[in-house]
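Following this line, the structures themselves.
Presented sequentially are two complexes of subunit A, the first with subunit B as partner and the second with subunit C.
Let's turn to the complex of A and B:
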């Protein structure tokens, strides 16, 4: 931070806390508190209990957690592969080709996810590719939604990657595929892991497109939370939400560990 | 996998190589041959097309015209990884995610060299540049000079027939640079078969290291010869001023030839093949100009004095022309405005015909 005086530092911190605490921390703390409550009629919750967690980590909710994790991991790996592939292709294209790909991959971000969900539903509800009613339609929709983020973050890094490394490798006799595997991808690893984390987190929290598509045997956690709150079980919903947050944070933390080890200089 | 792995016999030949970027010609019909085992310096100011010429050998630019040969092989259409070259660039380009030993082994692994032999060859290459103790470090843990040695070891590990060096010393400070220059000379003595194309803008590096120097300016080869030839007998004004910063005096050859006229002074210099009556440029090295009376005396006023330790550089205004003279350190430092007489021996002067600037092969 570029603030040096003591009072200046304090003031900066005060402003930061004033903005951060009510906007970000309090809502999360409220959910956390609610997940342990049996009652919340006054200013504070009462009747501390772990019952909601029993419900949130068993039966349907546990099933939903697995569903969410499998969906998010599959969708982010697919998105990472497609996004990286496209980003590397874009980096080797001319300026016009790159701009076209950039625009193409911005589409799912620009279009509301409900629309993406509807599009996927309409497209894959009849033969030749009939995915409606299977888990694959959810995974596919998530992949479409998060690939844009993988593409954008890898593309930015691929453009910044100094071509001298790939050229040095080629001068040493390395084929283009060898250069890609041993030089370019390892050098892009930090941004690949960042992209993976982002895609995973986005997929874990996706609700609007999922709502239109999920089959009964493939209910991700956000849908579970929505269903719980919809039938009035706010505290159970809160406990499931905490499980969702914890699972997401845990995976992000693991990914960032890989990331630290993969960054050089 | 074709080529690459087996070391090509040295030697590089440019055969009318031209390179253009979007209609802008940056290398104009270069004809140049680097013999096997020879160190050829490509010397010229920034932007003269030296790097472009080197990249044409490496395969990173495609010539608009002409052919490039490595050894006897026409490599013009070959991709870089099939050319069997070693290359070291200004920024070294060591792979930051690999240890020193893996950087050096990279080319061997990429070319699928015999696995059992790789550690030995890596150690050998690192020993050659005196970096044997640093095999397990990462590039970021090395100084600039050490990174440079590793980059050279990496390029040499694949035993290339030609080694391309693009301003390899420019990222080092002056002291390290002169040390590395000695090292490079030693390295070349230990690898007598390797042809080296050494790109530099620094005449000291070129004069020290090269068997021959190719002087480049404005996308063209201006001159080519041994350091002594270029220094003592430059063929063009550009060479004379770029290499060794010579005095270039506009003169008219007297009729009959034998002396020249410089601002009204008759100077006795060998006129060679330059015809009488022609205008020409007289080239004299500053350190061959003496202070005091003698043959070919020129009198003028001192316009600037620079003390350079063991020598004084005098700038003397002779009838409107600035003449540089490097004289041994003087006890009584000359003062601006002093009138002094300079002289030089006839055999120390070279007469360049007007318009000398044609390319040489």
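Let's turn to the complex of A and C:
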């Protein structure tokens, strides 16, 4: 306890609320409230309506939702595979090898996402691999961007993993593939699901690289939100944004359920 | 130990496949960007794109805007994040845990949502201006800062403060509260306790969080794009407009190389600092 007097405490909490609520709670509430309104030019929104949700769950926006979900799931799975593989390989390397892999796989975080988009665009608009104009270029860029987070998450857990389990299994005659599938990966499951949730959320909200790359028939939700607000349909944009937040939260919640079940093992 | 070889996944050979994938989808494209930045449209290899870009007013103003916006946002996030984390950790109230969890959820949303919300609150036909014109009867409200750098600054401080709060809350949870009680019983006031006990303990977490936020602000694109301000151009925004709107790839690559240099440099600094901080 830093502040002991009753008035002091209440004063501190008042300041906290004055800073916290307008800055963090209000923006999300405003987007939520606006998605149900037709007009907002006073203190409160007016003209309650569900029309924006009709627009946000049909036609282009529905297409954008499936696009985003497919992109995020594909990119997360690919990133999880590459990241886990690299993290497990790094954990078995010496100090120098691990630091090298750490630096290599963290590099996409340090490079601006727009530049990752530009680089992928430049590289895959020319032979030998032509991906420009297809959905794969978007999925590829998302994979590059989220692999770093899968790697860090799994790598941190792999280092803390007690090697005795794997050694005990091996000394009892388990083959390396069996040790990996039945001992090490199950022990890493909490970090794997955490990484999956993080990758999914990041990919769902990715805008920078996507703006550089998306073909007309593969527009994810963030691009759709930008297109709506850019042509002045702020309220439709808000409804699509709520759909984006809800989809992200639902998947994060589902993933966290897997995590709690795994920890009971 | 003979069993060690049989636990599998040993040796540098196992690291090759993921590294090869990363090389093809990330390192090779980056190299092409660097190569393209030396290849003007007229052909050949020269420094001409660099000379052109560095001489242009748009690049210079983008560079200054990016740097001061990032520095300003970082300072704002550090101050705000420190104060908020301090209250959550040391003047706990019912629901403080829920607030900490809300901060985690906040981190999983994309940045442009903040700008979208600010458009409703401070936009030209938004809430704040509407209330103002309703109360005063004036034709126009006073809030037009959203399309200026100040709007971007407000959005960046809002979005990135949680990234400072998280390492701080982790650091505070490891601080022995007995230290605070002792300092307090020896007569130190709250301000002095914060300055002489808490701040030194929090310094590594502050440095790590601050440099992370600095890098992320330098690279922020969504917030700037959503303000729709023609007057606010940052380096990532310039990369986008050169490449997509003007199809001037050599210039876009030059700006990209400058942006990479700045942010990778700062990111290495962040890694060094956070390793020392033990984070």
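Just so we're on the same page, the second predicted complex is superposed on the first by the 243 of 265 C-alpha atoms of A that agree within 3 Å, B and C clash if a C-alpha of one lies under 4 Å from a C-alpha of the other, contacts with A are read in each partner's own complex, and residues count from 1 in each chain.
Criterion: contacts are C-beta pairs under 8 Å (C-beta built on N, C-alpha and C of every residue); 3 or more make two chains touch, one makes a residue touch a chain.
The model shown is predicted, which means the values in this text are computed figures rather than measured ones.
Looking at the shared chain after the overlay, A:164 reaches subunit B, while subunit C stays out of its contact range. Contacts of A:13 after superposition on the shared chain: subunit C is touched, whereas subunit B is not.
Of the two partner chains, subunit B is the only one that A:182 touches; subunit C does not reach it. In the superposition on chain A, A:253 makes contact with neither subunit B nor subunit C. By the document's definition of touching, of the two partners only subunit C reaches A:97; subunit B does not. When subunit B and subunit C are set side by side, the one touching more residues of subunit A is C. Overlap of the subunit B and subunit C interfaces on subunit A comprises residues 167, 169-171, 175-176. Subunit C makes touch with subunit A in their complex at residues 1, 3-4, 6-12, 14-15, 17-19, 21-22, 25-26, 28-30, 32-33, 36, 80, 83-84, 86-88, 90-91, 93, 99, 102-103, 105-106, 108-114, 116-121, 123, 125-127, 129-131, 134, 157-158, 161-162, 177, 180-181, 184, 190, 193-194, 215, 218-219, 221-222, 225-226, 228, 235-236, 239-240, 243-244, 249, 252-253, 256, 259-260, 263-264, 267-268, 271. Residues 162, 164-165, 167-176, 178, 182-183, 186-187, 189, 262, 264-265 of subunit A are the ones touching subunit B in the complex. Residues 1-4, 8-9, 12-13, 15-16, 19-20, 23-28, 30-31, 34, 40-43, 82-83, 85-86, 88-90, 92-93, 97, 101, 103-116, 118-124, 140, 143-144, 147, 163, 166-167, 169-171, 175-177, 179-180, 184, 197-198, 201-202, 204-208, 211-212, 222, 225-226, 229-230, 234, 237-238, 241, 244-245, 248-249, 252 of subunit A touch subunit C in their complex. Note for the complex: subunit B touches subunit A at residues 1, 4-5, 58-60, 79-87, 89, 91, 93, 95-97, 106-107, 110-111, 138, 140, 154-155, 158, 164.
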